[in-house]
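Consider the two complexes below, in which subunit A is the common component and subunit B and subunit C are the respective partners.
Then we have the complex of A and B:
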């Protein structure tokens, strides 16, 4: 891939949750770049830190108990991680838009969709209701919501699931952000609607050229969308490669396990799907060894004593495993 | 919205009818009647004159006939005549309704304003010292009975430190200026409000805490609007929905609380009339009072439902 301008640069980023009962280390020193116009997929199981790693950049997690322990998030020359809470507001929605997982609960049910769409625009650009509504209308057209003018006056519960997610995407695009964080935007939808939303995002990307971080636990969805994929496990990035490369040559045992657990069209339907044995770790202490070691088929003595670093295998393929 | 309103009003009609049956049956089930209550003071009772009195009062008809007569009079707005004072029940109630509604209404408004505000503050500053103090207050307020609060306030604010009057609605000889009434109302309204404030505080705190953790509050933040707008426009609006129901449910409770506190403070409202009607077996008055309070309860339910639909579009568009 040709070198494009870097939009977001994350370095040694750590987030933990400190409660009276326990400390949970959610993100444990991750490094990555997001280029302009690039779509980056982050995959991992629930609790692997993929959502927290993104939402915490905009301070969209409860703080306390959440806390950014170290690292930097450079966005347009500004370190978002060091910003005070009241200084992050200009970035929310305007520079970085967010699409949430469940459009049913992510919309306020007692306010019309139109009203919810325009408030960010009005806050950032000091625009009038009329201007903001015109913008909302054009975005409704863009994301393919039929009879957009009257639908803006409707409440979220009057929308179907797919339409609601389209409206959510439109809302995230209101201020024309340079970057979108899409937190499992298709998980709450059924498969046909999923496909429509994925197609819509591909379309929009072509037209607008926004960078996207697409968080998902569905490798299939990510494969069709992302230029590059990062696999997260227990708050670490354990593998990172271009989308094609990762699916053709997975290197980390965990990534291999994830891909093997996907059902395939060519396989005998009666065959049981493979699963990864064991459970994801409860992250209340930092690992000494490799976080995946307890579940790994190829575990060695070294894996229990030392945590492998993410190292390049080829120009664009990084993996954190002693086997490589 | 209009259809919803009409439907709610139509449902209230059969309910009112059932209520009249219950009120009448209860009155009939009570032992004794006005005649035996009047005569109990007299030494020598003439059976014939008692029969004559019952005849005059219409008490010799069958229960069914009495009920139908009462119901039809009710439909024309006639609540009947007291068996004891022989004045019109509607007049007796009319004189006393005002003071009760004044006391109840003041207490309700005060408790909503104070209770909900404190509840929201408590939720915003969860586990702070202020939150803990308010929680202790709320538990105390919820546990102490209304009449006890009344006595307590009388003791400290009327006997030990005579700041407020203990009885009546106006000073003797005065013709009831706004300030005078307010001064007289302070203690009874405060006694009535303590429990309500505690309840509104707890409910709005819980409701606000729940809402503050919802997805849509984070969505609102993600758009970069001011935190104050996130709280007021998104969180508070949703947190108040269950409070609206709570207010409606509180009106009947407040009504019965007012009955008790009116006795404690000699407030010239419906409470003391209720008491007299029961001890003197004045059934027309008793039934009239029950009927009026039922209407107040039904009306408050209706208003609650409409208010609920007003704040929650999911109800409105059903």
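Then we have the complex of A and C:
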């Protein structure tokens, strides 16, 4: 891949939740760059820290109990991690747009979609209702919502799941953000609708060229969309590579296990699935060794004593494993 | 799968309609949702029948109706030669011993106030199959069978992970030693690495005790893995039934074709080259069903005839049934 301008630079980023019962270490020192126009897929199971690592950048997690412990998130020369709550507002929605997972609950049920669409635009740009509504209308057309003018006056419950997710995408694009965070945007949808939404996002990406962080637990969806994929486990990035590389030559035992545990649509379906034994760890203490060691087939003594760092294996393929 | 196997469950022209009412006192019926609208299929002993479709197509309603957990509007359900569709609640009781269900959401389907031993032994005590003194041994057997440590039997559901909770649900459904289990999306709520564990467990149990499954899911790759035959549902009707090899290598119904092409594959190279048949629009409301073929409003190949005339399920070579006007006998 040619060298492109870096839009977002995350360094040694740590987030933990301090509650009365326990401390949960959700994100444990992650490093990555997001380039301009790039789509980065973040894959992991529930609780792996994929959502927290992104939402906490915009302080969209409850703080307290959540707290950014260390690290920096450089976005256009500004460290978002150091910003106070009120100083982050100009970034929310305007510089960085968010598409939330569940289109059923992310909207306010008692306000029309149109009103919700224009709110951010009017606040960020001090635009008039008319201007904002015109923008909303053009975006509704862009994302392919039929009869957009009348649909803007509808309430969320009048939209179907797929249409609501289209409206959500349109809303995220209202202020023409440089970057989009898409948090499992197709998980709540049926496969045929999911295919429609994925196609829409591919189209939009071509037209407006925003960078996208696409969070998902579905390796299949990410494969079709992402330029680069990061796999997270227990708050660590354990592997990062171009999507071609990652799916063709997965190196970390966890990534391999994930790919093998998927029932294949091509191969002999009668063979037994390879499963990863055990279950994801509770993250109430920091690991001394590799976080995956208790479930790993190739575990060595060293893995229990020392946490492997994310190291480059080739130019664009990084793995955190002592086997490499 | 051999064809000469005995039919265990036979569903004939099943209808489940839900009334839409208006008013509080008289509840005047103003419309009805035909969630299941004339479904017929049979399940052979020892096989896994997959039932796939998108949300709202009636697959869960079908599964629940077969177990008589819902009132049936019309049609017959024959279980091992007995018509169970008209049995009273009391008459149904002994039949319930033979058929059980695994629910979708392992968080909602276990009572949070009951310990695991209570949850698993509940069906045994309800049917008076054991007395309280034997219960520890039975539960302990069942827990080992599904890969749970029996020492945890006094714990409560919240102390277990999602995958473990699903195992508790499976142990409960096995308690009565049933022949037939309806699995309603048993892995949809689980993480990817745990899904494979549960699928393997279900397959092992089937081999060991000769269970028959109706496996309801929306994930085609999972259904392909576990099923012997697959039925595809759309808007309350079955549009195609076939052996899994035939369904995946030679899907006949346009909806099945589209559904198959919509599944994303974990392989960026083939994904890029793949040509998708895109489905326009969304599933119509079951309140306003199209008059003819339910799929005619979205079908890219729809003929004028499809809008007026409901296609019936017709059998083609070797167990392959399709409901579509476009398919000609070969």
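FYI, the second predicted complex is superposed on the first by the 323 of 324 C-alpha atoms of A that agree within 3 Å, B and C clash if a C-alpha of one lies under 4 Å from a C-alpha of the other, contacts with A are read in each partner's own complex, and residues count from 1 in each chain.
The working rule: a contact is a pair of C-beta atoms (placed from the backbone, for glycine too) under 8 Å apart; a residue touches a chain by one contact, two chains touch by 3 or more.
Remember, predicted model here, so these are calculated numbers, not experimental data.
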item: Combined model on subunit A: subunit C and subunit B, fit or clash; value: fit
item: Subunit B versus subunit C as contact partner of A:91, first or second or both or neither; value: first
item: First (subunit B), second (subunit C), both or neither touched by A:123; value: first
item: From subunit A, separation angle of subunit B and subunit C (C-alpha centres, steps of 10 degrees); value: 70
item: Touching partner for A:102 - first (subunit B), second (subunit C), both, neither; value: first
item: Contacts of A:137 with subunit B and subunit C, given as first, second, both or neither; value: neither
item: Which of subunit B and subunit C A:173 touches, first, second, both or neither; value: neither
item: If touched residues of subunit A are counted for subunit B and for subunit C, the larger one; value: C
item: Contacts of A:196 with subunit B and subunit C, given as first, second, both or neither; value: second
item: Touching partner for A:80 - first (subunit B), second (subunit C), both, neither; value: neither
item: CA minimum distance (subunit B, subunit C), superposed complexes, angstrom; value: 8
item: Of all residues in subunit B, those that touch subunit A in their complex; value: 214-216, 218-226, 229, 233-234, 237-238, 241, 311-314, 317
item: Interfacial residue positions of subunit A with respect to subunit B in the complex; value: 58, 60, 89-94, 97-98, 100, 102, 105-111, 116, 119-120, 123-124, 155, 157-158, 171, 174-175
item: Touching residues (chain side subunit A, partner subunit C) in the complex; value: 45-46, 160-163, 190-196, 198-199, 217-221, 223-224, 226, 243-244, 247-248, 257-259, 261-265, 269, 272-277, 279-280
item: Sites on subunit C touched by subunit A in the complex; value: 54-55, 161, 163-164, 191-197, 199-200, 203, 218, 220-222, 224-226, 244, 248, 258-259, 261-269, 271-272, 276, 278-279, 282-283
